[in-house]
């Protein structure tokens, strides 16, 4: 039999009734927070109190980073062009790429694969940490989730680890991520800090999330801020934002005439 | 003096420090919910407990509506094309337009303008309600925030009004919106229900939000669901989703030959 | 009978055959230019040689405007985030809004409505031109298609009018647009030049295009350039483009502590 | 010295003057086609007559594929939501992903790498073709640019090869691509046809294009059609397009009550 074209396990709409992961949405609203219901959408189950508290920290810790973020800059340029609010926010979301939020996913993948391997091979955390760092160094790859262009000690990592500690959600992935941080000096020219992306990647792995949902945390975190930036650009900044012609350096061919 | 090209009142980043609306983000994470910090981003202040509770209901009540929504459908087609997660979510956000979530903004604008007028002119709620309905009927315009293609009684409106009641946040905008609902039968062929968009528009107006932020509520609400749909499409559905050629009805010119 | 969900008059796909507006696409490729087939898609018919020539000028005259354009800037920020090429181009297209290319549509609408009125009321071109300018001045509205922040004489307008003249495609809309330009000094503080958007709006109106397709010309024009900019950003510029934290001016609340 | 933040080799804007790749744009408009100037933007030089002719075929041969394409479907859903034209087109562009147009890039990369290898190692075309097919079979990977879900003989491939032949632009990449096609039966259960994506990938490689620009051809090709579909959806179809609730199959958790 042919598979139905329109199908989903996420929710069901009937006249006057909306089921989300089996629950009537009206049984949830007013009782569960936005954060809890985000968890329900992604995991299929409501969170425990610990998971709920951790989830709130994960979704707020990278709430905003001012114009020092390509997603915010993209949002503001689009917002200056005479478009509806959502168009500008949409462009900002499109910029949540491999170098901007994407390290959550990459770090979670790296850690999840390593922890599976660790269990199988009876290796110590430090042995695995060294192997990963060595592998990246030898292949001249960035270690996802380590280092930051602005922060020398990412304050968000410290805060997340505090919450993870108080909710007893630290596990092998976070342990490995921290072990790697303390070994970075041995393999690279300098200590590479565990940044917020790497730390989120580790904690969501300990919470049981699929690494493929990693960017979801960053997208949800940043959406209210992108909306605030689009709104600010549209009503409190220039209606057409672009550098002036004489601020742009032209590095191309000198002037020439086309062939006759 | 020239205005600075890069400026914002929303947040400030310094090495190892992130201020959001004046607060150090690390003083907030672990203490305030995602919902509270969304409120802070948009209003510049932290919410009272009542505003916080209402805000959570507003951000969860239209969490999901299955594939019965253009934003979800757009997300799923893009997700089937071999793109990263955020690209599909971005397309879904782009679909939060005038006919899909946009009525929040339109209803809030209509109600806010009417309440200002009401105060000036000493008119009763019913007089103003009748005037608005009459105006829309005469200009053959849809009344934004009223009627629904699937629900005959929007369960989300009832739930929101309960929360608004228990948090004492109902005010003149919600009163006017309800008065209008009960008068719709007088001006149109049938009763038009106050739908979730209209109800959100009314309550955020009573909470003091600028109507121009109306779509923001819908965007934040729907982002986790769009992520869930993109994820489901990418890992549990077809990798290339499109109707088959013989399911598409061609209504154009019959076959012809180009001129010699 | 229910309307089919999937229907279109634009094209039809069958195994081994693609019809576009009734023509077998394979009868067209190699004989007609990209420009001609764009015309076919939008008008339903192949262009005359004059329309073809004009169309090529219309689609090339605003090919590029360097980083001095929000669409290009949005493209480059998204391109720097670690995304596939099309994601960056998509963000640039999203920025073709009311203040960036959108004046083509607005000017064409204004001119088409005026020419219809002109025919009905036996008014002269100058009378109509004065009425439009007066209307905009009195309502403190910008006249769409007039004035430019960088160019004092838009070289693109002059070129387009030359081609329109040599193809005999100037008609009442272009005549009205030029009459308006020469009258701007009378109604505003200074002469407002007919810019490229206004001129495209006028010429496509004389060619019989619906004003609602106005932004289409700008989108097609700019797509190759957005691709070139995304490519340049990805392979010849910074992999993560954002202003440094200390280049961003913070205009918000001074630092404060959250309530206990 | 610090690198300038805003720089580009593509174009330069000065008051009343626009240079593109060194040429004054006004020296080009009216003399060169849209296709020629797309070539200029991407290659830095104007095309020869043969390259110009080939380029036109490459940009028109996959002009349209009706609703049988995720990009078109995404465009139409977004267009039905009450958004400006460009927002719907932007969503369609976002869907030009790895499974939809992306095979051009992948095929061009595969062929360019193989031809470099072929030159170095003095292998015959058939040896290299066999090695590539074997590699994909052994790693259970799709061969990019081969096979089609709708067409059993892609009419677009035949047409492109004709034009490539008549312009003498066939070279080692196209030769290799065709050799691979004729060997597919030997390695897979059935003959896999060289589809339009694979054929474009081969020809642009013989023309000297970087494979990283592969999706550019598809994006430019499809933009006029996406505009036509957005326009058709907005003015000749449903203003809110989504499957009815009872057409959607729910495959999730049965109804349940939340914990007390």
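Going in written order, the chains are labelled A, B, C and D, and every chain counts its residues from 1.
Just so we're on the same page, a residue touches a chain if its C-beta (ideal position, glycine included) is under 8 Å from a C-beta of that chain, and two chains touch if they have at least 3 such contacts.
Remember, predicted model here, so these are calculated numbers, not experimental data.
Considering every other chain in turn, the ones in contact with both subunit A and subunit B prove to be C, D.
More inter-chain C-beta contacts link the pair C-D than the other of C-D and B-C. The chain with its CA mean position farthest from that of subunit B is D.
Subunit D has its Cα centroid 35 Å from the Cα centroid of subunit B. Centres computed as Cα averages put subunit C at a distance of 24 Å from subunit D. Annotation: 29 Å between the Cα-based centres of subunit B and subunit C.
The set of subunit A residues that touch two or more partner chains comprises 6-13, 15, 28, 32, 66-68, 83-84, 86-87, 90-91, 94-98, 102, 150, 243, 245, 248, 250.
Within the complex, the subunit D residues that touch subunit A are 4, 6-15, 19, 21-24, 27-28, 31-32, 44, 46, 83-84, 86-87, 90, 94, 243, 245, 247-259. For subunit B in complex with subunit D, the touching residues are 66-74, 77-78, 80-83, 87-88, 90-91, 94-100, 102, 149-150, 239-245, 248, 250. Subunit D contributes residues 3, 5-13, 15-18, 20, 25-26, 28-30, 32-35, 37-38, 41-42, 53, 56-57, 59-61, 63-68, 84-87, 89-91, 93-98, 101-102, 150-156, 158-160, 162-163, 212-213, 215-216, 219-220, 223-225, 227-229, 231-232, 234-238, 243 to its touches with subunit C in the complex.
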